[in-house]
Each structure stands twice: as C-alpha cells, then as structure tokens.
Amino acid sequence: MSIVKKFLYVNRKAPYGTIYAQEALEVVLIGAAFDQDVSMAFLDDGVFQLTKGQDTKEAGLKNFSPTFRALGDYEVTKLYVEQESLDERGLTLDDLQDIQWEDEDDDYAEKPSIIVVSRAGMADVMADQDVVLSF
Amino acid sequence: MSIVKKFLYVNRKAPYGTIYAQEALEVVLIGAAFDQDVSMAFLDDGVFQLTKGQDTKEAGLKNFSPTFRALGDYEVTKLYVEQESLDERGLTLDDLQDIQWEDEDDDYAEKPSIIVVSRAGMADVMADQDVVLSF
Amino acid sequence: MKFGIVVSEGPYTHQASDSAYNFVKAALATGHEVSRVFFYHDGVNVGTRLSIPPQDDRQIQEQWTALAKEHELDLVICIAAAQRRGLLDQNEADRQGKDANNIADGFRISGLGQLIEMGIQADRTITFGD
Amino acid sequence: MKFGIVVSEGPYTHQASDSAYNFVKAALATGHEVSRVFFYHDGVNVGTRLSIPPQDDRQIQEQWTALAKEHELDLVICIAAAQRRGLLDQNEADRQGKDANNIADGFRISGLGQLIEMGIQADRTITFGD
Amino acid sequence: MATLHTVNKSPFQNQTLISCLGHVKDGDSVLLMEDGVYGAMTGNAMSEVVAGMGANVKLFVLGADVSARGIDAGRVAEGITSVNYEEFVGMAASCDRVQNWL
Amino acid sequence: MATLHTVNKSPFQNQTLISCLGHVKDGDSVLLMEDGVYGAMTGNAMSEVVAGMGANVKLFVLGADVSARGIDAGRVAEGITSVNYEEFVGMAASCDRVQNWL
C-alpha cells in the first residue's frame, strides 16, 4: 500500500483506572508497521499517562509506561501534549517522562518526542488529520 | 431470615447510555422478596431515569421506564429524588413519571412514591442506611 | 463512500454497539459501503454466541450476524483484546489449549493491523465507544 | 467482621476487579471473613476460563480461582447479568441449548437473591465498580 | 476541511463536551448523541455554556437518543438541529473527518 | 454513625468527587482510590475545591494507586492521609457503612 494518511491517536483518559491508555499503545505499536504519518495527542486526563515514576507493584497492575520511551524505535516521534491540560492538573514538563527519538538524518541525534502545544495548537493538530482514533 | 436492614439503592447515572439503571432495577425487584426496608435514591444524572415519555423505538433499545411504575406492587415505595439535581438539569416534578403505591392500611389509597428532598435531606437519607448499593 | 467502523464497548453495558449498528444500517440503506467493523476493547464481547439476552430485549449479537450475512459485512474481532477477555474461535482455542470457543457466526478474529488497514482504506473512520 | 464484596466491572478494562482482589486479600490477611464476592454487570466476565492475558500481565481469573481455593471463598456470578453477556456453566448451557460453557473453576452461577442475602448477612457491603 | 465531532457523555457528569467545544474550529459540526443529548437541553446549568462555546459551530442532536430519554422536542435548545441516523451518515460523509470524543 | 465514602474517578473528568463531598456528614471519611487519587494532588485547579468541600471530613488516599500513577508523595495535599489496603479494610470495619460513589 502506498497511501500515506495522517493518523492521530487521541488520549484523553488517565492510565490504570481503565485499559484505554494501554490498549491505545498496542494499536500505535502495530500501526507503526504501516508507514503512515502518525501523531499522538495527550490532553485532558490523558496527560497523566506520561508521568514519570509510575510504580504499579503494590496495586498489582502491569506498568506499561516504559513503552512510551520505546515509541521512538517505532518511528512514532510526535507526541503532542496540551499545555492547558498540564496547567489545570498542576503538572509541568518535568513531571513527564523524558521521551526521545534518534534522528537518522541528523547523525542519530537524540531529539525530544514530546511537543507541548496550546489548546488552539492542539485544535490545529486535530484538524490536520485524515484518521482520528480516540481512546 | 428475620433480620430487617435498611437497603438504599443509589442511582446517579442516566438511563440507556449505560446499563446500570436497568440492572439496578432488576436488583430492586428481586430484593423486594426479602422483606427489607428498601429505599431508592435518585441524584445527579440519576434523576433522568424517571423522566416520562421515554420512547426507545428509534434507538432500538429496551424501554425499561414502565418498571418504575410497577415498583409499588413490590412494596418499593420510597423513591427519594434530589431537588438540586432536578434544578441543575432544568427539570421539575412535572417532567417525571407519576409513580404511586397503594396503601393497604389506608383503604388502598394511592400515594406518591416520589419524595423530593434537598441535598442535605439526601445526605440524611444516605446516613440512615445499613447497606448502600451504588449503580 | 466507504465507512470503517470501530466498536469499543461490550453489548448491553454501553450503548456503543447499538449506535454503531444503527449507523451501519443507515449507511447501507443510503447507498454507502461499510468496508469493515472492527471490535476493540470490550467491543470484542459483542461477538460471543453464548449470550442469552431476555426475550423482550434486542438480540445484539444476532442483529450483527444477520446484518453481516445480508450485506457481506466484514466483522473483525481484535485478537489481542479478545484473548484478554476470553473470546475465542476454534483455531485460537486449539492454539492456546482451551477446551471451548465462543465466537458467533459472521465474526472473525484477526490482528490489530486490520484496524490500521481499515483506517487507510476507508474514506471515514468512526468510533462508537465510551 | 464479615465483608460482602460486589465486583461490577470486567477484568482488565476497569481496575475494579483488581481493587476488589487487593481488598479481599487484605481483609483475609487481617483476620476478617469475606462471606461472598458477587459479580454483577460486566463483573461476570471475570469468571471466564477462556481468557488468555499476556504472560507479563497479571492473570485476573486465575488469581481469583486460587484465592477462592485457598480460603474457600464463595464467588457468585449473577445469572441474569451472565446470560446477557455470554457467561455460562454446563447446567445453563444445557438448559439454554448452548454448545459450550466458559465458567472458570471456583466460580458458581446463581441468582440476584444471593446479592441481597449477602447484604443482609455481611457486616459491611462494599462495591468495586466504575 | 471541516470536522464532524461527536459527544456521547452527559455534560452534567463528564467534562467531554466542554473539552470538545474547546477544540472545535469555525465551521465544524458537533453531534450530541447517546447520553450526550442532555447537553442539548435548554433551561439548565449547562445551556449557556453550550450556547456560548458552541457559537461558531453547527450543533446537532440525534433524535433517536432524545426520544429514548424522554426529552420533549420543545426542550431542545434553539439552534440545535435534530437529525436521524441517515442524516448522521450524510454528515459524516460530507465532512473531511470524524472525531469521536469518548 | 459515620460513613466511609470511596471515590474512584478523576475529578478533572467527572463530577463524582464533587457530588460525594456535597453529601458527606461531619465526621465521615472519604477515601480516594483508582483514578480518584488525582483528587488528592495539590497545586491544581481542583485542590481548593477539595480542601474547601472536604473541610469537615477526613480525607484519605490509597497509596498503591498514588504510586501506580507516578504521583510523588510530596504532591499529595496536606491533611490527606495515605493508607494501604489493610488500613482501607480497617476503615471499612470501623465505620458504620460504606458508600461507594461510582
């Protein structure tokens, strides 16, 4: 297939209380094999998915947060995070995992995958897609 | 069993979008056989369960709203509805079904099952129970 | 126009599968094509043949099976989501050493790639969920 | 003290069954009794033996089955909720003319009366749901 | 390049409608469906919020879900158009993409 | 005659915590668990609401769910006590009833 579409995976829910965040990641990983133009959006409670230091041992759950750091290897390198959603929850970029990707075209320089955008900027990202999948 | 406990069934969710309202009613009907002291609470979006004129044909769903009018036959006669929840949604008692029960001890007089209470009154009802089941 | 449909919630518990069914029927009735219906998350539970809904309620699985037969719809259940939730066909049961399967007629189990493929091929992708 | 527990959501999709499991383990560990665990709504899906979760994830049904065996827990699946969702034991399958069952060891199917009875007999009733 | 947005949650319980309306672009359409139809009612605590935030978009409500919930047609706010499933299909076809706010 | 209330929804997405706090009585306890633990965080749009509405009750948070979500213990608001599952059981045993706000 030579069609390249813009796919956006929209994440608006907190992790662990429900499975949507985890099963969204499974779609993203599989989808990476299809060579589409992939972006992820994190807004509302979805920004909680990216917090660092998640430790699920005592709760008896599977910690899937390390997967976010592997996304670069799958060439998923555009993680749009909404500033207003962070602000409302008292979070800053420092509270989130440091997620990077290696730019082959720039001597494998490590570059940040998280792109913080305003609410208006997020609306622009959303309006620029062919397929929007919501989780 | 001769123990009589106060059971409260708490309904805070709208009907049809999810099954909780319908399956809560199924519990209430079965529970009626146990001769306990039963009350139902309707607050937040739960007050939408009691609206009259529900017509589910075009949506292809099962209309379970007539069941509320049968509750009196099962001696479930205390349906507490929160005034503030109605107000916030722009509803009045006129928008709700007319649900009645027959008082055997008063020459089978028909009496209203819906008891409108304030938020503080609802808190009093909740604090007066032995078992609170939430749907 | 070609529609791709995602159903993300199980039958009865959420309205999602009913809404999706109504949408698909309306799309077919107005001359559109539905290239695939992909069942993900709890949506996989729509495809069990073991459900016995009350007789006076709609029969959700049977509705989908009948619609699939009539219009040759491709009803795909995600294998990863299905394994987690216990929805199997005979192949999967054999492969995993399980002694029973529960998939209904008209549904097939396949990988998440079918969701992406649907997104690529359909003109519009629409999700019914919670 | 005697606890009665209600689980209202299916495994993996919501945390409810995990939280209930942790609570029951802690109650037993601190010398309390758990008179019954009642699975209602999508909670009935916890009791399927056909699920195959990823190996690096917790095995929710197996955890409950093992805990039930160790402590002689009464794990009751609501029959009405189970019929709607396709969770059957062999009795139900025979009675309804279904060709398979999917209930796991340690669970039994019974009526909603068991929920009310639990509420009457337990000192505290606690619901884990969504 | 317009988007059809759908919202299926009650705005009295859940922030989804507010979030959707905070991300729509001029000329987009928003369809209220399932429990989302409560956001179309007039005369309540949410009505002004919806009217204000939705001023630049076209608001629709799925009639089948309005009837199911016993909302009288007269209670649907002015400016919100009731559609059936075939019209929903038509809207999805004539927009450029559909975004479902879940 | 005190009640133990539990809340398992994020207050940023859902009205449940607000509704719970609107119905508690003096001396009751409220336990934030699962996604409800986000309601225990300090320094955000909900913190003052929770502190104000919860002034007459004892607020608790389930530590296991705080850790799972990567919330640093220092971000839990002052006056909210972290408990483990055994303490949760003890609270359920020592109150008169449990009300789960779902």
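We call the chains A, B, C, D, E and F, going by the order they appear; numbering starts again at 1 in every chain.
Everything that follows uses one rule, which is that contacts are C-beta pairs under 8 Å (C-beta built on N, C-alpha and C of every residue); 3 or more make two chains touch, one makes a residue touch a chain.
All values reported here derive from a predicted model rather than from experimental measurement.
Student: Please name the chain that ends up farthest from chain F once chain centres are defined by their CA atoms averaged.
Tutor: C
Student: Between A-C and A-D, which chain pair is linked by the larger number of C-beta contacts?
Tutor: A-C
Student: Given that chain E and chain F are copies of one sequence and touch, is their interface built from the same residue numbers on both sides (over half shared) or different ones?
Tutor: The interface of chain E with chain F is built from mostly shared positions.
Student: Relative to chain B, which chain has the most distant C-alpha mean position?
Tutor: A
Student: Rounded to a whole Å, what is the gap between the Cα centroids of chain E and chain F?
Tutor: 33
Student: Can you check how far apart chain A and chain F are, centre to centre, with Cα atoms defining each centre and the answer in Å?
Tutor: 29
Student: Distance between chain C and chain D based on Cα centroids, please, to the nearest Å.
Tutor: Measuring from centre to centre gives 26 Å for this pair.
Student: Using mean C-alpha positions as chain centres, tell me how far chain D is from chain E in Å, no decimals.
Tutor: 38
Student: Out of chain C, which residues touch more than one other chain, so two or more?
Tutor: Within chain C, residues 12-13, 15, 22, 41, 54, 125, 127, 129-130 contact more than one other chain.
Student: Chain B: which residues touch two or more other chains?
Tutor: 16-19, 44, 59-61, 131-132, 134
Student: Send over the residues of chain E in touch with two or more other chains.
Tutor: Residues 8, 12-13, 15-16, 34-35, 64, 84, 97-98, 100, 102 of chain E touch two or more partner chains.
Student: Can you identify all of the chain pairs that touch?
Tutor: A-C, A-D, A-E, A-F, B-C, B-D, B-E, B-F, C-D, C-E, D-F, E-F
Student: Quick check on the complex: what are the chain D residues that touch chain C?
Tutor: By the definition above, chain D touches chain C via 10-13, 41-42, 45, 48-54, 83-88, 93, 96, 98, 100-102.
Student: Using the touch rule from the top, collect the residues of chain A that touch chain D in their complex.
Tutor: Per the stated touch rule, the residues are 16-19, 59-62.
Student: Note which residues of chain A are touching chain F in the complex, please.
Tutor: Interface residues on chain A, with respect to chain F: 13-18, 44-45, 48, 51-61, 63, 65, 88-91, 95.
Student: Sort out for me which residues of chain D touch chain F in the complex.
Tutor: Listed in rising order, the residues are 1, 3, 8, 15-16, 19, 22-23, 25-27, 29-30, 32, 123-130.
Student: In their shared complex, at which residues does chain E touch chain B?
Tutor: By the definition above, chain E touches chain B via 8-10, 12-13, 34-35, 38, 41-45, 47, 63-65, 67-72, 75, 84.
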